[in-house]
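Two complexes are shown next, each including chain A; its partner changes from chain B in the first to chain C in the second.
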Partner chain A sequence: MRTKAKYVAFFVVPAFALVAIFVVYPVARTVVLSFLDSDGKFVGLQNYIRVLLSREILNLEGLSRGFPLGALVHNLLWIAIHLPLTLALGLVLAVLLRNVRGGAVIKSIIFLGMVMPMIVGGVMINFIFDRNLGIFNAFLKIFGIPAKSWTAYPDSALLALIFGSVWLWVGFSTVLYSAGLETIPKDLYEAAQLDGASALKIFTKITIPMLRPITIVVVTMTLLWELKVFDIVYVATMGGPGGASNVLALQMYTYAFRAMDFNRSAVVAVLLTMSTLLVSLPLLRTLRDDRT
Partner chain B sequence: MSRLLVAVVLLLATVLSAVTLTVIGPWAGPEMEKFMPVLQEFEKQTGIKIEYKIYRAEDLANLLPAQFAAKKAPGDVIFMWASFIREYGQKGHILTLNGVLDETKFLPGALDAVKVGDKLYGAAYTGKVKPGFWYRKSFFAKHGLTPPTTWNEFVELLEKIKKIPQIKAPIASGDGVGWPLSDVTEHFLISFGGPELQLDLIEGNIRWDSNLVMKGMNKLVSLLKNKYFGEPTEWTLVLKQWWNGDYALYFMGSWITGMVDDPDDLGVFALPGANGVVFGADYAFVPKYTQYPEEAKKLIAWLCGPEGQALQVKQGGHIATAVGIDLSIYPPVDREVAKIIQGVTALPDLDDSIGGEFQPTFWDQLKLLWVAPERLNDVIRTLQEKAPKK
Partner chain C sequence: MKPKALLVSLLGWLVALVWILPFMGVLMTAIRPLDELLNGWWNFATFRPTINNFAGAWNHPTAALSKGMLNSLIVAVPATLLPLFLATMAGYGLSRYRFKLRTPLLALVIIALALPQQTIAVPIFQMMNALNLVDTYLGLIIVHTAWGIPWIAFFMRNFFTTIPKAMEEAARIDGASDITIFFRVVLPLAMPAIGSAFALQFTWVWSDFFLALILIYSPDKLLATQRIPLMRGVYHVDWGLLSSAAILVMIVPIVVYLVLQRYYIRGMVGWSLK
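What follows is the complex of A and B.
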């Protein structure tokens, strides 16, 4: 028994030590930093108030003047547009490509956006929406819409990034939903067809409910990605023009490495961590329920 | 057998003890090709090997603080912004170069940007001037255009160019991280606010919403509103478009002479009335954490001395900061640049000198101004928030 305990300790202690050094300590240190000023003095919630009241994070004037609205609102917009589009497109593509010859190849092509480094994705988004080189403007030209560099204008920069990232991320939801569809028993569909259920009824009453666990995973992972989105924005617009496409993770970086203000940066990091924890809870709960 | 062993050991010792210095600079492509002969000459003269690595200053600004905190440095001689060298020199991460460089052998004020009190933290290599708007002489000749001598003539010229078929806009707007837009903005501020304005903005002696600043900014905005400037496009891409005739004018530094097919076809004019010009020297420093401090100091002294600088200006696109460089060494087009800057005040770059959070904010706000000039007041307010204050 004692030998077994020794073995357990032998394998567990290094892992715990690594987690403590490289995860727990930095997290705790970041939380502490968020309550200190640059001289290391405790300032309570002062940093939080300063960050939340700054125009970079929340710009209420933007409601009447247009972008920028602040990084926090931009992240929320990212979630509000990107999440439903990714879910819906992923599901539709998975269903449509299920019984199509060559569906696997098409799905692989769609998934390419996902396996591509996001830095490259950001560069490609810039090209897609470029005035001279962009495929988006070539498409709009058919309808007589004048070309412009969509990422260069405050009213379209964020939307261009969001729609561009749908293209990058939809492969993820498509592949997961495709795998999920394979797990739904065929006899459920056969029974519904025998009962005379329409295709829409089958989709809404069988496919969607049976894909619930997959949907939770896709929603959670997508939300986490949307909250911490950084690379695409950094490469494509650097949060501009005039902060019109700024996001929380980029603002955290700006505070830390441009303003050298690690306290304000820690505040954004804590807010982001809390948000991601909140988002992860449903997934953790579902996984626990599935296990029990 | 033992002799062979001794020979092998000696050979190994020689190989292992050979000094290789790492130089980090921002130049890539044609600019790098013109820098390499200078480094190779140093290698030839001293036997010290040099490895050149390309890093943009914007990336170094993120990388170096973390490296310094870990008491490391990615290179032995690093080219970087003067504001950064000053800041990290004072923090003790950079070796002083007092005694390494003879300050009297540099143009007056050339080393001021990297000095704090008596301590010299960096060296000025060659510099680049941002003299004004570049044009192709052949394009101007073909369309019967002449460089303006007054503001009204300048606006008339832009209007004439706008009417030329196939022209996207009279002036090309370089985009990227943001400095091409800040360079042209600084030229307007200097032209309409005077050279002192640039220095006052750097020191935080004057507000961004002051009349003097607004005078220059309003002139710029009037051109933006009339669509005389093109949409911001990646600066090397728009350089090619300008060269091919999509645009007639392009505001750029003197390094442009090394980036075009035929430098002899280049002409340049400043905004009428400009009596100051930004002279951006390339500054280099030796980090405290170099393995080879003596060799690195030797290299920086040679590079920034008359021999290194002469070799560099000979390649084109560079102006020496060292005194005593024979003008005949310069390629003809650089001599033209040298003529423009005669009799005007040489000024440091605004955003490079301020650095920190202001620099990316300045670049980003100008990107906004370029596409939404009606938001000038928003831009000015944001710049004032981030600007240095006395």
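What follows is the complex of A and C.
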């Protein structure tokens, strides 16, 4: 028994000591900071109320006047557009590319967006939507739509970033769904074909249900990514113009390291963390099946 | 080939084309002189490639990438190897021993996977400040190590639960201690998984921007990713310069990906799928 304790200590303690000091403690400290004022006095939920009522986070006027709508709404918008698009595109591409010669090469190309640093990803998005060099404008020109730098205008900055980030992220869902398709037994398909099921029916009744575990993982990871998005926005628009493409992670940084307000920044960090924890509940649940 | 199969292939390659066009764009913008870009980088009436832009980004007067990439390497190598070593041990411990804190630690690992870096930013800055480690690579490497341990430990633990224990049992009967077994028997078996974790952790540390942003500020210490936002001009964007810089900074993770593609994808799929 004592030797077991010795080995547990040897293997597990060094790593988790570092995690405790440099991850767990800072998280706890941030939670504490969110309830204090700048003099370190406890102020209850006052910081939370101030943050949630500020225009940077939630700008209800924007609903009638247009962007900015506030970082919180911008993140939600990011999720509402980016999540279904990357899921659907990834699934369709994974199914499609199985029957394409050189499909593996195409997948590698699509996956490049995931491999590059996101700070470069932001530069690429700017490039795609640039007035002179961007292919998006070159494409619109065919339909006679005048060119502009879409990331530089309040009305379109956030949407340009969101659609650009679809281009960056689809590789993830494609590769995961491709791996998932490999795990579906072939005789399921053969049986369905023998019964005369249509391709659409096979897709909706076999492929999609069998991919459910993968879908949970892809949705979770994608949601986490959408909530944490920072680099892209920092380099491409800095949240601008006029806050029109601001997001929570960037607002936290602005509060903390531009305005030097560690308490309001802590509130944003806590709100962000609560969202990401909520999102990762399905992953936590998998631990329960693991007590063997 | 049947017409339908041909159509599917055509569609597939069309998608590939859409995805690769922006890469072609930055490459062309980087290697062509400004006057050739006025009608679009896709216009090839004349084509006189130049390396001036790359040289400009490499030797930039205020944000030279030569220095930036060297700095990134100095951070990324220890910030990959250190957590890899510690977390492989932790993952092994979590998979082989049943102890009271095991499930809470696993839960902690998953929670840590979900955390945004913003949550630790301010306290980390204050701690590093107290330790005199702000604006040092040591401080940044420590944070990357602590930040990387949870996911690597989780990944390695998942790997260890899949490999049979027969060889370990045999070694134990021969009188080897658990520590000897880990280094002599288990580590060699774990090399493929360690390869996957290496590829991903190295890529992520190299690509990191946020932690560097809050901890490193001296101009000559800035990492490669930090120099990208500095590359563009104040009044107009110098796309030749910025494109070259973007290519230089992304080429490192892309090479890691291409060389270790099998490990990379397996890591990506493996740590997402239990």
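One rule holds for everything that comes next: the second predicted complex is superposed on the first by the 285 of 292 C-alpha atoms of A that agree within 3 Å, B and C clash if a C-alpha of one lies under 4 Å from a C-alpha of the other, contacts with A are read in each partner's own complex, and residues count from 1 in each chain.
As a working rule, a residue touches a chain if its C-beta (ideal position, glycine included) is under 8 Å from a C-beta of that chain, and two chains touch if they have at least 3 such contacts.
Note that the structure is a prediction, hence the values are computed from the model and not measured.
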item	value
Combined model on chain A: chain C and chain B, fit or clash	clash
Chain B versus chain C as contact partner of A:65, first or second or both or neither	first
Between chain B and chain C, more extensive residue contact with chain A	C
Contacts of A:239 with chain B and chain C, given as first, second, both or neither	first
Touching partner for A:257 - first (chain B), second (chain C), both, neither	both
Touched partner set for A:271, first chain B, second chain C, both or neither	neither
Contacts of A:217 with chain B and chain C, given as first, second, both or neither	second
Touched partner set for A:132, first chain B, second chain C, both or neither	both
Which superposed partner A:280 touches (first chain B, second chain C, both, neither)	second
First (chain B), second (chain C), both or neither touched by A:152	first
Selected from 44-52, 62-70, 98-106 or 242-250: the stretch of chain B that, after superposition, runs into chain C	62-70
Set intersection of chain A contacts, chain C complex versus chain B complex	132, 257
Touching residues on chain A, where the partner in the complex is chain C	3-5, 7-8, 10-12, 14-16, 18-19, 21-27, 29-30, 33, 93, 96-97, 99-103, 105-106, 108-120, 123-124, 126-128, 130, 132-135, 138, 167, 172, 175-176, 179-180, 213-214, 217-218, 221, 224, 227-228, 230-231, 234-235, 249, 252-253, 256-257, 262, 265-266, 268-270, 272-273, 276-277, 279-280, 283-284, 286-287, 290-291
Chain B residues touching chain A - in the complex, by the definition given at the top	61-62, 65, 175, 177-178, 231-233, 356-357, 359-360, 363-365, 367-372, 375, 378-379, 382
In the complex with chain A, residue positions of chain C that touch it	5, 8-9, 11-13, 15-16, 19-23, 25-26, 29, 37-38, 40-42, 83, 86-87, 89-90, 92-94, 97, 99, 103, 105-108, 110-124, 126-127, 142-143, 145-147, 149-150, 153, 178-179, 182, 203, 206-210, 213-214, 225, 228-229, 237, 239, 242-243, 246, 249-250, 253-254, 257, 261, 264-265, 268-269, 272-274
For the chain A and chain B complex, residues of the former touching the latter	55, 65, 131-132, 148-149, 152-154, 238-244, 254, 257-261
